[in-house]
Amino acid sequence: MLQVSGLSRSFGGVYAVDGVDLTVERGSALGIIGPNGAGKSTLFNLVSGQLPAERGEIRLDGRRIDRLSPHHRARLGIAIVFQGARTFHGMSVLENAMVGAHATTGAGFAAAALRLPRHRREERLIAERAREAVRRVGLEAWADRPAELLPLGQQRALQVARALCGEPTLLLLDEPASGLRAAERDRLADLIEQLRADGLTIMLVEHDVALVGRLADRVTVLDLGRVIAEGTPDEIRTDPRVVTAYLGTEAAA
Amino acid sequence: GGGSSASSSADDGPIDIGMITSLTGQLQTLGTEGRKAAELAVKQINKDGGVLGRKLELTVKDDKSLPDQSVLAFNAFKDQGVTAVLGSPSAGSALATLPAVDRAEIPYISLSPADEQVAPVHPYVFVVPALASDYAERLLQYYKSEGVSKLAVAYDTKTAYPTAGYKAMKAKAGEYGIKVVATEEIQSTASDFSAVFTHVKGTDAQALAVWVTGPASVVLTKQYAASGLDIPISFTGSQASKLWLDPAGKAAEGAIVASSIGLVGDMLPDGAQKKAIEAVNKPFTQKYNYPPPQFAQDGYTGVQLLAAAIEKAKSTDHEKIRQAMEGLTLATPNGTYRYSEKDHSGLSPDYISVNAVTDGRFVPTVWSKSELEKVAK
Amino acid sequence: MSDFLVYLITGLGTGCGIALIGSGLVLIHRVTRVVNFAQGTFAVVGALTAISLLDTGLPHGLSEVLGVAVAAVVGLLVGVIAIGRRGTSPQAALMVTLGLGILAYAVEVMLWGDQGRSSEGLSGAVTVFGARIQTHYLLIIGVTAAVFAALAGLFGRTDAGKALSACSSNPYAARVVGISVTRMGLIAFAIGGALGGLAGVLLAPMNSMAFDSDVALIINGFAAAVVGSMHHIGRTLAGALFLGVAEAMVAGYGSATYQTVVALGLVLALMIGQAARTHSVVAEAG
Amino acid sequence: MVALVGPNGAGKSTLVNTLTGILTPASGSVEVRARIAQVPEGRQMFGDLTVDDNLRLGAWQLRGRGESRRKQRDTSWVYELLPDLVRVRDRKAGGMSGGQQQMVAVGRALMSRPEVLVIDELSLGLAPLIVADLAEHLTELNREQGTAVVLIEQNARLALDLCSRAYVLEAGRIAAEGDSADLAASPDIARAYLGEAQALPAPPDAQDDPGPHDPGPRDRAMADPAPTPGTAGTARGNQDTAVQAARAATREAK
Amino acid sequence: MLTASQLSVYILLALSAMVTVGLSLLMGYAGQVSIGQASFYAIGAYAAGLLSVHGTPPLLALAAAPLIAALFAAAIGGPLLRLRGHHLAFATIALQLILISLLGEADWAGGSVGLQGIPRLSAGGTELGEDIHYAYLAWAAVAVTVLVARNVVTSRAGRGLRALATSETAASASGVPVARYKLAVFTLAAAFAGLAGGIYAFFIGYINPGSFPVLLSIQFLVMAVVGGLGTIWGALLGATAITLIVQFLNDLGSRPGMPASAPSILNYAVYAALLILVVLFLPRGIVPALRDAWQQRRIAGHAGAGTGTAERAEP
């Protein structure tokens, strides 16, 4: 469903992503690993449109999207959960999730200002969808709390909830499990598996190789902005290049 | 028709007079001086038995040099049922208040020199300071006497007073056989005017007339002194005070500055005019240790005119006062006013003195001295 | 040709005046994240103090130095009130400096009255390549050059400079590595005050300084500082000089009535140009 | 070496922040007689300074003169420890990748040659390879310079392997403490893992007024030295544990 | 029954309130700083003034005021809103300076003298001569402004705004069209200011560039901040408090018997001191502070959800 070809982006002359090609099948889960600074987050930013690409193209279901604005891509069903917490301050957990619904709703200022029926209908829809999403990630107890006071783990979950509110078809997760304890980690993994079961396509960046092994059915390894290996988790785990560049000996065991 | 003048017509109570002036903001220097002198005038008049045997009572309100605040103040005076209002020195404030004045039909003695207040005439509005156009005419007369035939004019395009002055100068120059060979548009917010002098150097102008208000005039003066431009420079009433003279310092020496006759009172021959001037100068100087600047004399004169009009009208009725004003002739520190139905700015250019700054003082030029002597008697 | 030179140098002169105000703004913001609306006040206080001292017969030089010193103290005071209280956010502090600027009006009117004052600077004019320039401009240009060299050195080379920048870059982290954020901020305000005072005493002879002269000063200085993103010393200087020269040139070859309009317009265009090139991800990074 | 483990929101960060004096305790006191350095939660880069400057500022507190100062400012040994940073040493830290920032944060803390090193999340966003190296280096430090380490680590296994003592935090209180080996065996750990988000102290001022000027946790932590009643509980809860942990840490420092 | 002077104070108060509500929306919800809001006030005033002077029916001219201000905002907003933080703040102030400067030059708009002879509002032959009419008009306009603002902030759009105030990146990733939203709220705020300006023009009957100094913009900013950014009630309260305090101090300063220096002391020092105290001790503004206080009392009151924490932590 997603084809990336020859994608490149540099910062201050140094290439962060350098001619990356990859393909993601609908309903599949692609794991992306690689050393720090390999270009994983940048790749996600390029796909979700946060950064303009310098070269190469991105196709979603065959349609070129690399010139589209981020919110436009969101409307096409691409949702991203950023590395590090990015919750909206001064808004409750529920409201944070509701923001995600922008991708699928349309009532604008005029509708809101004049309280048109369309607006009311949408508000109801958004509200219940947000509740559902919040429940799904296990935050209902926090629904009305200011989001920025959530501990790290919950903030991550909240971002997933926000993404779900947009009913995406492709979900980009950048280190969703970092900072999570085993318990939260498992809950997150379960959630992601459910989502896959619902037919969501997933791209996952993670340094927890075990987690990647559990969730991804294919893994791409980046280093210095280039794809250095590609295959099933097991192939990757034993790939010598990957071991030396990334895993290190005991982690592989 | 004559709006009756509510409370203050109670026949023996004091006569309420409102004064809108700028005690804060851009023009606070002008407003504060005007207030001082106006209060002085009221005190004097009351000491001499008041008007119609009643005391004058002056209430001051601050317009913060902002138009809408002036309107607020005027409305307040309207509620208070004042007999008349002395208006703000700020042109913006004055013009903003006129519509309200026209509706309320309360005599409004304006201390702002904006030409627009009297053309067209607003029935209840009378202007005290000499208009920009009067200064323009006077300066042209002076230049004629000096044999200047080619004149360069620099004026601040963003302020009403200089713009009016420039327009008048350009219009009347012909009558005095003077040609405006260079027009320099300047900006009172600018901090450098070397361009003006460089441009004027390039022309065959014999003198430079400057129309500008506020601090910019100081900057301009200093830079003129350093510019090496060798033709005389002239300023207008806006510079005829220590607000300009002190900071300009040495640079001001020799500059030509037109001013009200009151500013050079002590150099006039004895006579009615000199007495009128000393009536304010002496007590004011006693109280504040410096001679009253132009704006102070305007405030003082404003009160005098009003008092005379009320006296003449034998009533505090707004309409009656207006009529009295229109027929009024009165010698004041600013000169002798002659208001009429058509002319609500009663002062003629003859009462404007053209001075040269010598030893940090305004000294009438020879020509001006002789001119003033004609009216000073 | 010589006309051009006059415009250029006078432009640079005014530009330097602007730059000095801007430098204080940048310094303070770079350490405290506070846009100090009282910066113009520092200049006014410095100038008026120096002028009064000159009137009492103190010699040039000494009077100016004292003026700068007083401005520095005022700067420190402003700092104490604006950021002294724990947990005052930069936005709040901004409003406080704004308030203090207005408060200063009253004090200044009390002390010096409401009338504009000025002093005698370096008198006379020199002729450079047939262009006649006020000597005082050269002084301003010289001092400004020195000040900016010093600032660039401080922030670019020294650890102290880095530590100062660190305070605004991430106050929390600054505390973590043991930098006393508040003390640094107060130091910045004091130096900022001195810079403002310096600008004041240098501009006093060229202008008529009154209690409300700060508005014009701060607006130009703000323009320059913003060109430098409230952070970059060099770009601030460039912005200021650009502003000054642009005004002089417009006045010289166009009409002076449009000098502000054109100059501000150009600065705006410049900034929008810059902004178009940076992207939100990068802007939000760090 | 002391490990703090516990579910998200247990109060570990709040605790160590009171340790290092970033937050002032609502009651009780923390005394630390040692040079203490912290790797704060969420990296906390000096975004617009270069990586190298960030590291050097780590040594800000060390008031050396001349030669010793030069030594203190020398960052080369950090680059040997974290070779990935060499590539970006002169780039702005704000632009760095998550992991690179984490490395800088660790490096910056090490630069101050601390006697007590407090690390809030060691392996956060770091590649396995690096984590291994760092773990090694920490034990080395602890063994050779006797540096005390207070470690918060998502990977409890790793934490307990590294540390001699461990405290299990839950909902702002110490649920268990002791020799990490025993704890590793005990069910307490398991409980700590299963700590439910719902069991967490609810944050205060829930219906807070919206608006961007509403400070986030970080600003807030700095903003009010005396937490609002809402947090007081949490803070007090943290605080008594804080004292103990601090003692533990300083004890090791001696 | 209010006197004419009180009336005119309340009218100007209402106009400030309208501008401030817009500003609070812009700054508090969308995180966009504007120190040049008076520009749109001026544009509205000049639009209404010029149109009516050239014979457009006053009511039509009044209706046009917000539209023209909005159009102007929409036009310049495109490039302007690429700027962030201080850059935007400066841009707005620069914009106002440029506008004032150009108006001073524009003879067709009265130039430096200003625009005279603006007729009074008249609806179908009957003229709104009395100030009281303008008071009704102004407060009706405030009501509309508040209603629209409330509707916007409590909507999908409003959430989008608040989101992009924290992180444009995250907001856009969630499908919020950042640029368009910024422009929309910028335009809306301009419309509010424009409407206020229109009423101002008809009420005073004369406008000149000096009627809209930069200080006015700063005044609006102060009102918004003191009241509490991002709260509509804060905007109203701020506008009211500041206007009334300023008027009070002003009257006090020129009372007979007051020393000559009283006006500047009161109008500058006291005003500033009050401002500083509010900002220092209620940094988030009056309304949020009141809300917090109310929260505390409620929490302290019945041991409800709020105190759960403390209890659990007690030994």
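By letter and in written order, the chains are A, B, C, D and E; residue numbering begins at 1 in each of them.
Here is the rule we use: a residue touches a chain if its C-beta (ideal position, glycine included) is under 8 Å from a C-beta of that chain, and two chains touch if they have at least 3 such contacts.
Listed by chain with UniProt protein names: A, D = ABC transporter ATP-binding protein; C, E = Branched-chain amino acid ABC transporter permease.
This is a predicted model, so every value here is computed, not measured.
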Least step count from chain A to chain D, where 1 means the two chains touch: 1
Remotest chain, chain C as reference, centres from CA atoms: A
Of all other chains, the one whose Cα centre sits farthest from chain D: B
Intercentroid distance (Cα basis), chain C paired with chain B, Å: 37
Whole-Å gap between the CA centroids of chain A and chain C: 46
Averaged-CA centre spacing for the pair chain B and chain A, given as whole angstrom: 73
Per-residue overlap in chain A, given as positions that touch at least 2 other chains: 50, 89-91, 95
Contacts with 2+ other chains: residues of chain D: 95, 202, 204-207, 209-215
In chain C, residues with contacts to at least two other chains: 87, 89, 91, 114, 257, 260, 280-281
Residues of chain B touching chain E in the complex: 23-24, 28, 32, 35-36, 59-62, 64, 66-69, 71-73, 75-76, 78-79, 90-92, 95-96, 98-100, 103, 114, 116, 157-160, 163-164
Sites on chain B touched by chain C in the complex: 26, 28-29, 32, 157-158, 184-187, 189-196, 198, 215, 218-219, 222-223, 226-228, 242-243, 246-250
Residue numbers on chain E that touch chain B, as the complex places them: 3-5, 7-9, 12, 101, 104-105, 111-114, 116, 118, 129, 131, 200, 204-211, 213, 247, 250-251, 253-254, 256, 260, 263-264, 267-268
Complex interface listing, chain E residues touching chain C: 79-80, 82-84, 86-87, 89-91, 93-95, 97-98, 101-102, 105, 167-169, 172, 178, 214-215, 218, 222, 225, 261, 264-265, 268-269, 271-273, 275-276, 279-280, 283
Touching residues on chain C, where the partner in the complex is chain B: 3, 6-7, 10-11, 13-14, 17, 114-118, 120, 123-125, 132, 134, 203, 205-210, 212-213, 216, 247-248, 251-252, 255-257, 259-260
